[in-house]
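Order as written gives the chain letters A, B, C, D and E; numbering starts at 1 within each chain.
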Amino acid sequence: MWQLVLLKNLLKGPATEAFPFGEATTPAAYRGRVAFDPSACTACRTCQYVCAAGAIHFEERPDGLRFTLWHNSCVFCGMCQHYCVAKAIHLTTDWHLSHEQARKYEMVEEGWVPFRPCLQCGELMLPATPPLMRLAYRGDSKEIEALRHLCPKCRQTRAAGRNS
Amino acid sequence: MPETLKLIFQVLVFPGGLFALCLGLCLKGFERRIRARLQRRVGPPLLQPFFDLAKLARKDTTIPEGAPACLFSALPFAGVCSMAIAAAMIPITGVHLAPAGLGDILVLFYLLAIPAIVLMLAGSASGSPFSAIAFSRELSIMMAYEGPILLVILTIAIRVGVSQGGWIALSLNDIIAYQQRYGAFLFDPVMWPALLAFLVFFPANLGVAPFDIPEAESEVLDGPLLEYSGPLLGLFKMMSAMKAGVVIGLGIALFYPNAPGGALGLMCFVLKCFVVSSLGVAVLRTSMGRMRIDQAFRFLVIWPGILGLVSLVVVLWRY
Amino acid sequence: MSSLSRFAGKSPWLYRINAGSCNGCDVELATTAIIPRYDVERLGCQYCASPKHADIVLITGPLTTRVKDKVLSLYDEIPNPKVTVAIGICPISGGVFRESYTMSRPVDEYIPVDVNVPGCPPRPQAIIEGIAKAIKILESRS
Amino acid sequence: MTTTYKLPVGPLHVALEEPMYFKIDVQGETIAGLDITAGHVHRGIEYLTMNRNFIQNITLLERVCSLCSNSHPTTFCMALEQIAGIDIPPRAEFLRVIADETKRVSSNLFNVAILAHIVGFDTLFMHVMETREIMQDVKETIFGNRMDLAANCIGGVRFDLDTERKSYLGAQIDRVIPLVGKIHKLYLTDRTILSRARGVGVLSKSDALELALVGPVARGSGVEYDVRKKAPYAAYDQLDFEVVTGSDGDVWSRALVRIQEAEVALDLLRQCLQKMPEGPICASLLPEVPAGEAIAKSEAPRGELIYYLRTNGSDRPARLKWRVPSYMNWSALPLMMKGNKIGDIPMIVNSIDPCISCTER
Amino acid sequence: MKELQALLQRELDERVGEQNISLECRTNRKGVTTAWCRLKRIEDLLPCAQMVKALSGRLSTITASSREHARESGTHELAYHFDLDGDTLTVSLLLPLGAEVDSLTPLFRNADWNEREFMELYDIKIRGCLNPKRLFLDESIAPGVLDRLIPFSALVNAASTKTLWERILANREEGQ
């Protein structure tokens, strides 16, 4: 019985993958390097809240927010992606993360989320992202798009005026 | 004087020393490739054993605390030397005759025990408890196969000796000459029990599955060599490579030495070595696991013992 | 002798140290090291049982206080030249366990690490990639 | 050769995947006694869970141990859902079974493969591992990682199977089933396995009960206890399966129980694919968790896993404690080892499928 | 599983007296019951354990914890989880600081590791403990780590997290 297996092995030839001398296949669902899209981020910081590994860092400055994710602490669980309503964060299939020690602290994904002045009062604020607006106002229109560039206070006033 | 020079050449370069080393390493590289193929792998480059040695030559050597430094470093040299001499004693039909100055088959047989003894001493010199276990295992395996294999040699020696009109022939050259004239023992059913017994001796002596117990990685780490590193470890690797060549060569001389002379004879010899090592060693290693030491001891005492006795009785009765 | 140095990269023997890992990386290391699909023997690699025989050390796990001294003494036993690879995020940064009371600091504060392979656990191909980087370093050191 | 001496094994020993320190009293080649020193993988996770919120804990608990990595978050979520009063959707129940059983196949095959490795039978080891690779590919393709599935969230699961993935999973199961069947046959007939594993490390049924053993170790000695039957959870009450038991209580019988359980698991996967209803996969995204306490149990690949959770209305556990199957199985080692040979030590240790990172947390 | 509740109630009344316990049973939709029994007196633990033994149950595990509201007064809670053929009975009791609790190891052999574990994690004393050796904790860590809100070493490690992030951020500034 066992000799049969050996004979079959001999005839079948190696089952070894080409990698590292050739390309390796990667499934589409693979959870690898994290990518951050600052233009979609609403700075709700849910990703930081759900991150068990303490890999996400937000740094608040007067003119915006700086997002940093360190791949050397990230466990690639994908919770940040799962809980991000704005879909600003997602895990790519890139697994080529090995690096020399000198680059240890460079293994980051970062993004700058700038505050913009409110079109009405000029106060610095974070414009709401389109998906979030769609979620909140259940629709898509020019008017809603305009609301996006207002600070929450002005938005409230505007919405109140519209309703009355 | 030229006799002595010739002897030194035989021990150091051909067929001992350098030749045996290269042959042993090539056999090992080839065997690893075959084994990989049987396991559906690509395996290492053919020259991998050479690379390993080259690398070991450049590594640091550490001597464990409390170990007798002199003995610790002298042992591998002793092992390599014994194998170089043993290799010079293996006749290659039509190419090389065993030099009478070195002794007969019994001397060779005891030379073959030296690597095991060296390993045992190496184990006890390192002072690790695992090495101690490896020591006792090596010893019991050796004790188990020593007796039966003497029976096999006796059988052959008597058969050849009787044909010469004497009682016993201990010269390997005579054994070869006999087979050249009357046909190889491999094809003689009378000798098959002895052959089988020798086939069991093979893996037991070389430490190949199912008898790789002293070096069982999962039980006693790397056995006696646990504490060795760098060039000294390299010497041990050389020793075991040469030993493989010697044991296989001995097998060929005892059972199937027939070959034409000259360069063709040398090629025949090398080819036979490769066949034995790929068919025997590689297949054995891939097709079974390891025995427990008590099982191995029992197996080694009983089966080759019975087979050896049978062949001895048959030979005594027929000739 | 220097001509021998180019063979170092052709015969890197691997040794694995588990410094308190969840065994994910270890299982992947075992997989990478021995099974036909990845077959690191192609690169001349070989797993060795004794630290004295090792060229490349693979460390997994976040280095717990109880295992720390044993890991350090084992590391010292490995003869030079040697290259250290940290497998998984635990030895690199402590990962999810960083703030526990049984953790020592990241491994690179105690022993010189040369290559990091982040992941939890990294897939075998990523480990091979890390080993390939380590082999380059080993060549330059021999 | 009758002098007794102490043989230290570990803590960093090649035969052990993980650090554990044994001191073994040896007489010649026979084992006379055994002392275990644990704690090298104690990472203080219980303490960490009290300092992390529930969502972080799902990820953290997955890192308790990689071989049963899915059982931990599943059981934790079960306890949490009990307190929060959430009933997970029917589809999620099936998906949880799929994640769990996929892990079980891989985990059991790994243990059985290591058995072959320990007896020095590397070709068989590779043969089993190559079969396991198919399941590893399944995990990577469906869940995105070969060890940690990240399948769970509070109130359900995070992954779904569309038609394409469903047929992929089905095809892979069909590939693995005959291969595992062959492995089963090999372990029943191979001489090396038989001579090394049969009659080694015997544990009687009464000892297994006395020591409160669980999982394949207990079932190998004839104790018929399986949480999936005794205290059904997820979709196990809607699936057909038998509890596998052995009778000899030796290393061999435990290995066979594991192979057969892998076969059962594959069958369960197939059933899930057939019976799984359509519908949502998660009840609610971020539920409020009131104060309360709950117990949840599940059958991890190594046996019963039990979680106790107490909450106080905040977003963190007030106390979270779990006991893994390996925890008790360690205490069976001295009984199994007595009178066996040194060469059997790794076999016996492996036969309880020890999960040190699980035990020590 | 009404029978289980009735059975437990009857047995417990008999062994420790109705006034000394409170019993509550919950059965989920799969028919699995968890029973919760609170003991008012520490000495009732042994009779309870004997009852479980008589019902051929087994000890699953023991949870020790410090009750938040009682942290200052140092009250511990011990919860013994027993398995009754699939259903779970949890027997819990409050333990004032310095009080001893009976060892269950003579009844359930697997209690040994559990007891050693809470001895080191919470510094709880056990009467009749046969094997008071450390289980997991290194000797360098003081007993009762889980009692302290923030163990000292964790404080140090939190600082190391901070250092790590400072290095990452500093590195990034350099890069720009």
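Couple of notes before you dig in:
Please note the rule applied: a residue touches a chain if its C-beta (ideal position, glycine included) is under 8 Å from a C-beta of that chain, and two chains touch if they have at least 3 such contacts.
Treat the numbers as computed from the prediction; the structure is a model and nothing was measured.
Among the remaining chains, those touching chain B as well as chain C are A, D. Among the other chains, B has the CA centre that is most remote from the centre of chain A. This structure's chain pair with the greatest number of C-beta contacts is C-D. One inter-chain figure worth recording: chain D and chain E are separated by 23 Å, centre to centre, where each centre is the mean of the chain's CA atoms. Averaging C-alpha coordinates per chain places the centre of chain A 30 Å away from that of chain C.
Chain B and chain E have centres, each the mean of its CA atoms, that are 62 Å apart. Taken residue by residue, chain E touches two or more other chains at 137-138, 145, 151, 154, 161, 164, whereas all remaining positions touch fewer. Along chain C, residues 36-37, 39, 42, 49, 64, 66, 93-96, 98-103, 120, 123 each make contact with two or more other chains. Among all residues of chain D, those that touch two or more other chains are 14, 39, 42, 44, 47, 59-60, 63, 117, 122-124, 126, 130, 140, 145, 148. Contacts between chains, counted with the stated touch criterion, involve the pairs A-B, A-C, A-D, A-E, B-C, B-D, C-D, C-E, D-E. Those residues of chain B whose C-beta lies close enough to touch chain A in the complex are 36-42, 283, 286-287. By the touch criterion stated above, chain E contacts chain C in their complex at residues 137-138, 140-141, 145, 151-154, 157-158, 160-161, 164. Against chain C, in their complex, chain D makes its touches with residues 11-12, 14, 17-19, 39-45, 47-48, 51, 59-60, 63-67, 69, 110, 117, 122, 125-126, 129-130, 133, 136, 140, 145-148, 355-357.
Those residues of chain C that touch chain E in the shared complex are 64-66, 93-94, 98-103, 105-106. Residues 32, 36, 39-45, 48, 50-52, 54-55, 57-62, 217, 221-222, 225-230, 233 of chain B touch chain C in their complex.
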